[in-house]
Every structure is written in structure tokens, then in C-alpha cells.
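In the two complexes below, chain A is the common chain; its partner is chain B in one and chain C in the other.
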Partner chain A sequence: MTALASNHGAGATPRRRGARPPRRPGTGWIGLIPFSVYAILFLGIPAVLAIASGFFTSAGAFTISNFSAFGDPVILKDLVGSLGLSAASAILGAVIGALVCYAMLGMNPDGWLRTIVDSASSVLAQFGGVMLAFAFIATVGNQGLIIVIAKQLFGDSALSSPIYTVPGLTLVYLYFEIPLMVLTFMPALEALKPAWGEAVATLGGSRWTYWRQVGFPILAPAFFGCMILLFANAFSSFATAAALISQGGIWPLDIQRALTSETVVGHENEAGVIALGMIVVMVVLMSAYGVLQRRAARWGS
Partner chain B sequence: MKKRYLAGAAIAAAAALALAGCAGTAGGGSSSSTKTLTLAEAQKATSADDFGGMDGLVAAANAEGHLNVITLPPSWANYGQIIQGFEKKYPKIKINSANPDGSSADEVAAAKAQKGQSTAPDVFDIGTAVMNQNLDLFAPYKVQSWNDIPADYKDADGLWYYDYTGLMSVGYDTKKFPNGVKKIDDLLGSDFKNSVAIKGDPTQANEAASAVYMAALQSGGSADDIQPGIDFFQKLKQSGNFLSTLPTQATVASGETPVVIQWSFNNVAWGPAAGSAGNPNWKTVVLPGAGLGSYYNQTINADAPNPAAARLWEEYIYTPAVQNLYLAAGAYPAQLAAMEKAKTVDAATLSKVGAAPKDFVQLTADQATKAASLLSAKWAAAVG
Partner chain C sequence: MTAVDASLTPLQAGPAAEPFVAARAGRSPRYGAKPSMPTSVVILIIIGALFLLPIAAMVIFSFRSNQGGYTVGHYIDVFNPALEYTYDGLFVGIQNSLALCVITVAIILVLLLPVMILVELRYPKLRRVLEFVCLLPITVPTVVLVVGFIPVYSVLSQLLGSDAWTLGFAIGVIALPYAYRPIAVNLAGVDVVTLTEAARSLGAGWLPVLWRIVIPNLRRGILAACFITIAVVLGEYTIASFLGRTTFQTALVLIQHTDPYVAVIFSLLALILAFVLLLIIGRLGSIRPRSKD
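What follows is the complex of A and B.
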């Protein structure tokens, strides 16, 4: 799912060329084959198999009874947990990331600071999974550096780290959400033309007028588009949460439980149903992202 | 998890290549006194006699050259040493150990997904609930020392047999808690803030569920009524003492999980017994009163790619040497009573671990099903 997301993200501000050459049936499509094969093998087929498993019993007979999972209070509570975690990390990530972008706008594009922030963002946006969990355990875990120092400083030995709870995961997820926002939102911000600001100033507008009347409206589709991307990114994250939280609370962990439970046996196929639910959420989000991207692209040329 | 899966696939692929490489030589190792069985015949062999005795079984297993085991963590019930011991005793057989941290359900999933492939698991060490759902996956086999396994510890036809049980125990850091843990309610005290961990989600992991069952037995519940156990963990959560970190040997060594409720053999293995990798101050106590145990089972995959090696593994498991290795880890082996009688038990180890409990509670299949459905209805709300 992340593959799908970042694939869309790469074209944050597609630039339109003036006039397209007339379409000719050619051999250009051949270039698409490697990607298509890759996407079908590693995204398409697994997704279809996962969803299909939701429609069968473990004995292989067709059924829709697995959908009763959506009536399970635990599954519903965990959906709320998943949506809440994704929304919180997306909104915070988008706002903080946008502010970082704004700050970077004032820097020399070829300066060392800008270069460092750019490259750090590219790396950290992909920094997830067990490594990220370990980094947080080592720094702000219950025996992590910061918590241990704080314990000694405040003499409160009961001080505990929040990262082992679903709300606390927001903090951990921000570590890859903010860089992702910087990566995807920066091109949109850079596309703002100085001439627009000059035009507003010539007409007697203040800096605030410029942002209210010109900057924000133009950036809004890109901003919310990036936010949706961040939401999707958090919604589908599994490994970090699995490494930090042992008692469930979000959908990806519910899928794991349904697949591997030793105690509540015979619910393997409910995993397919939850996967379908996740795909529905992602499709809705990605459609919204597509619409916003089209709006954002209008101002790109 | 995803990464581990990929790595697993890569290892599996590599193993498949390696196996394909030796396939040409596999059929040739027959000796005069033994019988050479085809793969299908070997998969149906119910005792070493079908191979012409132990020598025949060893020869057939040597010819296969591989044994695929699954979900056997090296620090779990001494499996690290047990696997090494097998490779030392039968140097011509290489053990491929897949997904050591997986669950019983992962074992079944691997057997189904890799059916007919050379990477499929040959033998299982499997929990009872998952096993009972998948009895058609297993092949009956009786080891040479079959009679040393008590009758109610095994399937009469040899489809499965108990291997070992731990007792649910409380492991804790004596440096942090010098007063120790004498009863389960001690854990609710304010000095145990953010301290008490269990081995995962009870609706997912048998060991975590067993911690809840043990708490139930200690709080006035029974195998038929585990609600008091859920109530106990709710109180633990409300008092801020419950830790939702998944404990490992590393978190015990670092002090991140200062109290862990888990099988005695795991608490023992993570303590001073682990040497520098363990926590020297780690103490394991089995609380007085009704104890809780749960035997794991040995079974052989009916479609085992290395059927002779699989059967040789079972013969090896049920030798006094290996049963003593289980015991040394704090896991009570199935043949312990017979070994005490025959004086083959390692007396020093037994006195160190403590005599086998005369009576401990083990949930029946029905009780386990009932307990599991109560857990899936109530657990998330209790600790959420």
C-alpha cells in the first residue's frame, strides 16, 4: 500500500507542457511493462488473494459470515483507534511539515542547511518498521535515555513512556510523517511565483493579504492532498506498531491476530475481511487525493 | 514482521536451491540390513521398524540430509542446545530452523502454504488448541520409548504426544523488588508501577492467555471460570502497573520489563542461566496454590519433505538426554516419571528445578475454547 501511495506522491506537482505532440500508437508502452509486472506481482495478486480469503471459510466454502467481524466491538474500537492515530499523525505531520517547508523557502536553495534538510527528509521518510521502534525504545522507551534521565532529575521512578500506547504511536509516526510532508509539499510551495507576491504588493496588498487571497487558496489542494497521503501512510503502517504495542488496538494488528492466533482459533479468514475494509478506506482516500492533485496541478504551469 | 517474512522467504528459497542441488544423490544411500523406502512409504512409516530398525531410520534420515523445524526459539525450553545436539549426533543431517518466533498458527500456515515443497516443516512443536483444529495434517508415529510416555499424554494411534510443560510463573528483578512476589495481588502494589508484562495479546498468544488463566486460579477462579483473571489484569491496568511492551530476553536484561508472567522455562532461561545475555538478578517463582501448566505436543507433518529425518527427530526428542535438556530449562518432560523410575533423570538438575508438580491445572479443549471466547469478548475492554 505504501508503494501505491509513494508512487502517487512522486508527481506532487506535475508540470504541464504547453502543447502535447499528437498521440501516435507507438512502442512507448513497453517501458511500462516492468512496473506493471512488479505492481501486479507484489500488489495486485496479494491484494486480490487477501480480499478473496475473506469470502471463504477455512474449509474453502464460500461464505459472507466473516463480515460479522465488522460487528465485533473490538474490531470497531480498533477501527476508531486506527483512524484516530492516522488522523492525528497526518494533521500534526502536515502542519509541522508545512512550517518546515515555509522556513526552508527563505534559505538558499543550494545552501548547506537546505541540502541537509532535503536529504535527511528523503531518508527519514522511509525510516519505519522495527528500526524506528528500536530508535524510540532506546531514546524515550521506559529504559530509554531521556526517560531514565528524567527519572533521576525529577526523582519520580514511576515515570513512564507513552510510546507503548496507540495515542503515543502518534509521536513515533511523526518521525516519518514530517519528512514525508517536507518531501511532497516542498515542490508545491516552491511553485509559488514571486511575481504573484509582487503583483499583490503593487496593488497595495499586505503580506497577509497575499497569503489569504493567493497563497493559501493555491496551496490548499496540495496541502490537503499531502495530508491524505500522510494519513494513508500511517493507516497502513504495521511493523512499528507491532514492535511497540503487544495488546492490539489498530486494524493492522487485528489482521495479524486473526491470522496467527493460538487461542481464538479458526478466525483466519476474518483477516481478509479487515484487509478489504482497509482497502476501501485507502481507495476512498486515494480518490480524494487524486481529485486534489488535479486541482493542485492547475496552478503548476 | 513483514521484513522477517521476506527474510524467511529468501532463506526458504535458498534452502530450496540447496535441496535441489542434492536431490540427485538423495536416493542412493541404502545399506544391506536396512530397507529403502520411497518418499510416500517413509511418510507413512509408523515406527522405526518400518525402516528396518533404528539403523535403517538413521541411514534413511542421513540420505535425506535435511530436517526442517519451525518456531523453535533457541532460548525456549533449551531448543538451542537440543538442535545443536541433534546436528552433533547426526552430522549428516542439516537442520533448517524457520521462523523461530512464530506461533503455533504460523506452523500450520507454513505446512499448508508449502505443502509438497522441500521447505515445508517436517515436525511441529505445537499448542493443543491449534493442533486439535488440524489433526489431518499429522502422520502417526510411535517412538521406541513409546511406553515411557504416560497413556493420557499421547494419542493412542501416535498422531500426537506431549513433549513438555512449563508452569506459569512470575519472573522478577530482585534488585528492583527486594521484597519479592509471594502472591499475585502483590503485583497490584504501587511499587510495581509500569512493571508487569505478559507475552503478548491473550487473544493471540497461548502463553499470554495462560498468564490470565493463572491469574484466575490465583484469584478464586477456575479452569471453567477465568473471569477473575481478566478482572485481575483490569485492576493491574487501572493501577498503572500493566506494561504493554512485549517482553523478550533483551527487555529483561535491560530492565525494561522488570516483571514477566510466563512459562517457567522461559523465565529460567532469561535469568542467570543465560550468562551474560541474561539478567543475573532474575528470579522465577511459581506462586503457591493451584499451578497452571499446558503441555505442548510433538507431531510429524504427514507431507514431511524429509519423513525419515522427522521420525529420527522424534526418536531423538524422546531420549533421556534430550528430556533432561528440557528439564534443565525448567520444562517438565513427558517421560519424567518413567525416567525417575529408571534413574535416567539427571538428579542434580531435578533437584535444582524442583520436583515435578503433582497436580497442576491444564485446561481441557472445551475449557480452552470457552476461555478463548470470553477473552475475545472481554480482554480488549479490560486493558484498553
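What follows is the complex of A and C.
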């Protein structure tokens, strides 16, 4: 708050020729208070509590013994599960998403197709959650369309659906990872200047030369940046997995289990410990994303 | 932690590149990044079909009868008073979610919007701080924040009770990055400082300036922020599930066990509603102002 308050008046309009200045310079910072209070109460405090709770026993004494949870084979296995799922869905999502962006480049940027793809991508990438899980239950769930057809075709009634396992989640996650790639990578592709293509053509280069010498190198930072964002998105998503899997296997589900089950002595506040672990992973990812994003912006304008 | 520059909504897509004349005419361009028309169409049809498949499966599933064959019975059941108790939880959840939409949109309009305008007009140095705060919920996963929300809400429920509407404060935080972006993009595109100074120099007071100059110029950003916030609230599951409140999404998960057909019907409706909301934003966004650049 002091940091906010000490800055007051910084951008105040220098001239006050208005007939009735309702506010004297220096009182405007009051307007910053409501949002600041809200952000502190519902973003600052919860974030700090989430990170700090791993350092305390349930009785409230400071401890670092909770972090022995990171030696727990289940927690380690689930970390590997989380990272594997995130990596697989990020790599596949980035490649397929980039392909969609490339195809969209040939379409009118103000056209209806573009608006539809943008809106649909936005819905699937950001607001699907549980509903996407249902969509996949209806498609490849145990009673799903494709599984039922496959059973009829092959007569194999023992055929079971893959989507209720962690590796199978990759397929479901792609359904929001590809749209996220479309949303985040499209601006980078659109920023490729036609003049560069013309320059390559003037110098006698083929389209393949253009991609190898110009397109890929320029897009690489943006592409890998978006891939990291997809990784982070998969790593932190909870709802879709929770609706499909009941027995854990990734870190977000471990937090759920830790919060809803009885605490075991020596494993107190395990949710806080995993939460801290997730934050560390996210900060590393987002820092890498920031670096790549700055590199990508170099060719921006 | 760095500020995230990800484009989060259709609105934020940068200015479109100059369309190639050749590509427009449908001939394959001989240079540059643009694909030929057939390549585009083939890629889009294949991937589009794969993306439509789960949606189509939902539609087919919703007409499937328990006895085999197809029926519209599941749609009629929703309005069947005899089955009302089965869907009671779902309707309570929908009601709660609609109330949460109102509260969360109010938080965006009453808390976020004024502070964004104030920072733009008088404290431009704080712009980076505000952006960092608003984008922070992307870096801190919701499932992590929830660990902190639980103690906060155990205090809050003593003050305000444990009704579902109190979740609005937490969901407002989750909606911050999505709501911030379109308003910020809009603010960057309109020179509010000059507009305000012009109005002030003509003798307008601050309130008329805000109400008649600033807000109308930010109409599109504000509308997009509200729609996206509604979509966030309707899709929110994590917070409600951990804090044990009944919302649309938690009710869907519950009813999925007893009546998967109705869960799928309402999922479809919600996805379509969100799609339409974002389609409206998208069309608003593509009608670009003729001014500047």
C-alpha cells in the first residue's frame, strides 16, 4: 500500500484550468484502495497462505519436515505423470495448433471463418473444464460413440476406454491445448511481413528456402514460448482430470486428495507442499516463457 | 515471474497482416508464408472434423435411449415435474451460477474498471504493477490458490455466511486476467488522456468526463470483459468443488452419476452459450475503428 500511495500525483494533469476541479491533486490515490484491498484479500493472502501452509504443522508450528513428501514415491510418480502429460499434450498441441494457424493464414483475417475459429478456440481453451470431460465420455468413454462402434465392428466386448488413465488424458487435453495454441500462436504468424517473402522470392529462393531461412528461425521463439504456455496450462489444469479420474496420478489431483482426506502424521499440510512445488514449476515455466516472448517480440515491428 | 503476454481472447489478436491479393483470388501464392487455398482447406476440414466429433458425440448421446435406439425423452424429462427432485441440485446450481455471474461482473465493473481508468489517466507508472497483479492468476494455478482460499473462506463464512454467492470474490480473481486483457487493449487503442484533457479544458467535471467520454470509448473492451467473465463463471469448477458450494459445474458432475444424459444436454447448452457470447465479442472486435495507426 505504501508503494502505491507514494506514487500519487505522478501522472496528474499539470494544468487545471477547469472551472471546478472536484479533486485536488494528491487525493486520487484513494481510488486505488478498493481494488488493492480486493487484490490483497483474495489474491495476495490466498497465494501466500497456499505457499506458506507447507511450512507449518497442523498445530501451527514452523517445520520443514512436511517436505519429506517430495520423497514419497506416490508424489514423485505423480509428478512424473503430471510432467509427462503436460509435455505430451504441449508438444502435440503446439505442432497441430501451429498447423491450424498456418492454414488460417490463407483465410480472410476479418472473415466469418476466422471469427468462428477464434470464438470456438476461446471456449474450448478456457472455459471447457468439466464439460470437455463429458464430451470425451460421450465420444470415447466406456459407453461412448466410438467405443460402441468399435465393439460392434470387432466384436470385442472387453474393449475398454483409455481416457480414464493419465496417459489417456493426453487425448482429452489436446482438445483444449490445440485451441490455446491457435489463440496464442496466430498473432506471431500474422506478424510475418509479406516483404520478407517478397525479398526471398526476389533473390530466387523457393518457398522451402523461405521457411528454412526466414519463417522457422523467426517463429522459433514464439513457437517454443507458446509450447511452454501449453505445458503450463496442462500442468495447472484440474477440472477435466477430476471429472475423469478418481484415483489420482497427477499433482492437481494429489492436492485434492490431500485436502479431502485425513492427514497422516508427518505428512501434514501436504496440499501446501505440493502447491509450493507447483508454484516453483510454474515460475520456472513462466520465466522461460517471458524470455522467449521477448526474443519473439524482436521482430514485432 | 514475468508478465504474461499470451493472447487470451480473440479480441487480442494483433492487427491482421495485409492479405495477399493472390491468396484472396484463390490462386496459390508463389512466395511468402501463406499456404495455397487447397492446403488450407484440407488442413482445416480434417482438424475441424476431429474437433466436431466430440460435440457430435454429445448430441447423439443426448438422444440415446436407455433401451437402445433414440429418443427425445431426455430433453422432455428436464421439464417433467415428476422428476423435479432429480434435477433439483442442477437448477440450484444454475441459479447460483447466474447469481455469481452478476456478482463477478459487478466486481470487474466496480473494482477493476475504475482502477484501470485511474491508472491510465493519473498513475501511468503503476500500469506495469496492475498488469502484473491482473495476470498473476495465470501463473498461480487455481488448484494452488484454492489451498489458500480454504482458510480465507473459513473466516469469511463467519462474516458473510457460507452461501454460494460469496464465491464471487474468488472467481473474480480467476476472471481478472481474462477481463483485464480486452479492457487494456481497448485503453491502448484510445487516447483517453487527450480526450479527458480536451473535455476537462472545455469545463467538464470528472464525473461527466468518465460517464460521457471515457466509458463510451471503452464500450467494446468493457462488453468483451463482461462476456468473458460470464463464460469464466459458468465454466468454473475447481473453486466451487473445493469449497463445497453448489454451482452449475459441481451440479453437473453430481448429476452425471445419476443421469448422464441431462449432464450432457446442459454441457452442450453451456458450451453453445459461451460460444455465442464469444462470437459476439469476436464480431465486435473485427469491426475495427477507422481512426489512427
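Assume the second predicted complex is superposed on the first by the 248 of 301 C-alpha atoms of A that agree within 3 Å, B and C clash if a C-alpha of one lies under 4 Å from a C-alpha of the other, contacts with A are read in each partner's own complex, and residues count from 1 in each chain.
In this section, a residue touches a chain if its C-beta (ideal position, glycine included) is under 8 Å from a C-beta of that chain, and two chains touch if they have at least 3 such contacts.
Computed from a predicted structure; not experimentally measured.
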Which superposed partner A:Gln256 touches (first chain B, second chain C, both, neither): both
Contacts of A:Ala103 with chain B and chain C, given as first, second, both or neither: second
Contacts of A:Lys77 with chain B and chain C, given as first, second, both or neither: first
Contacts of A:Asn66 with chain B and chain C, given as first, second, both or neither: neither
Touched partner set for A:Ile137, first chain B, second chain C, both or neither: both
Partner chain in contact with A:Thr170 - chain B first, chain C second, else both or neither: neither
Contacts of A:Ile245 with chain B and chain C, given as first, second, both or neither: first
First (chain B), second (chain C), both or neither touched by A:Ser86: neither
Touch count on chain A, higher of chain B and chain C: C
Set intersection of chain A contacts, chain C complex versus chain B complex: 129-130, 137, 238-239, 242-243, 256, 259
Interfacial residue positions of chain B with respect to chain A in the complex: 1-3, 102-106, 109, 127, 129-130, 133, 190, 193-194, 197-198, 200-206, 208-209, 240, 243-246, 254-256, 368, 371-373, 375-376, 380-381, 383-384
Touch list for chain A against partner chain C, complex: 3-4, 7-13, 15, 17-20, 22-23, 28-29, 31-32, 34-36, 38-39, 41-43, 45-51, 53, 96, 99-100, 102-110, 113-116, 118-124, 126-132, 134-139, 144-146, 175, 178, 183-184, 186-187, 189-194, 196-198, 200-201, 205, 207, 210-211, 215, 226, 229, 232, 235-239, 242-243, 252, 255-256, 259, 271-272, 275, 278-279, 282-283, 286-287, 289-291, 293, 297
Complex interface listing, chain C residues touching chain A: 1-10, 12-14, 16-20, 23-24, 30-37, 39-41, 43-44, 47, 51, 53-58, 60-61, 107, 110-112, 114-115, 118-119, 121-126, 129, 133, 136-152, 169-170, 172-173, 176, 178, 196-197, 200-201, 203-207, 231-232, 234-238, 241-242, 249, 252-253, 256, 260, 263-264, 267, 270-271, 274-275, 278-279, 281-283, 286
Residue ranges of chain A touching chain B (in the complex, touch as defined): 73-74, 77-78, 129-130, 137, 141-143, 157-158, 160, 164-165, 238-239, 242-249, 256-257, 259-266, 268
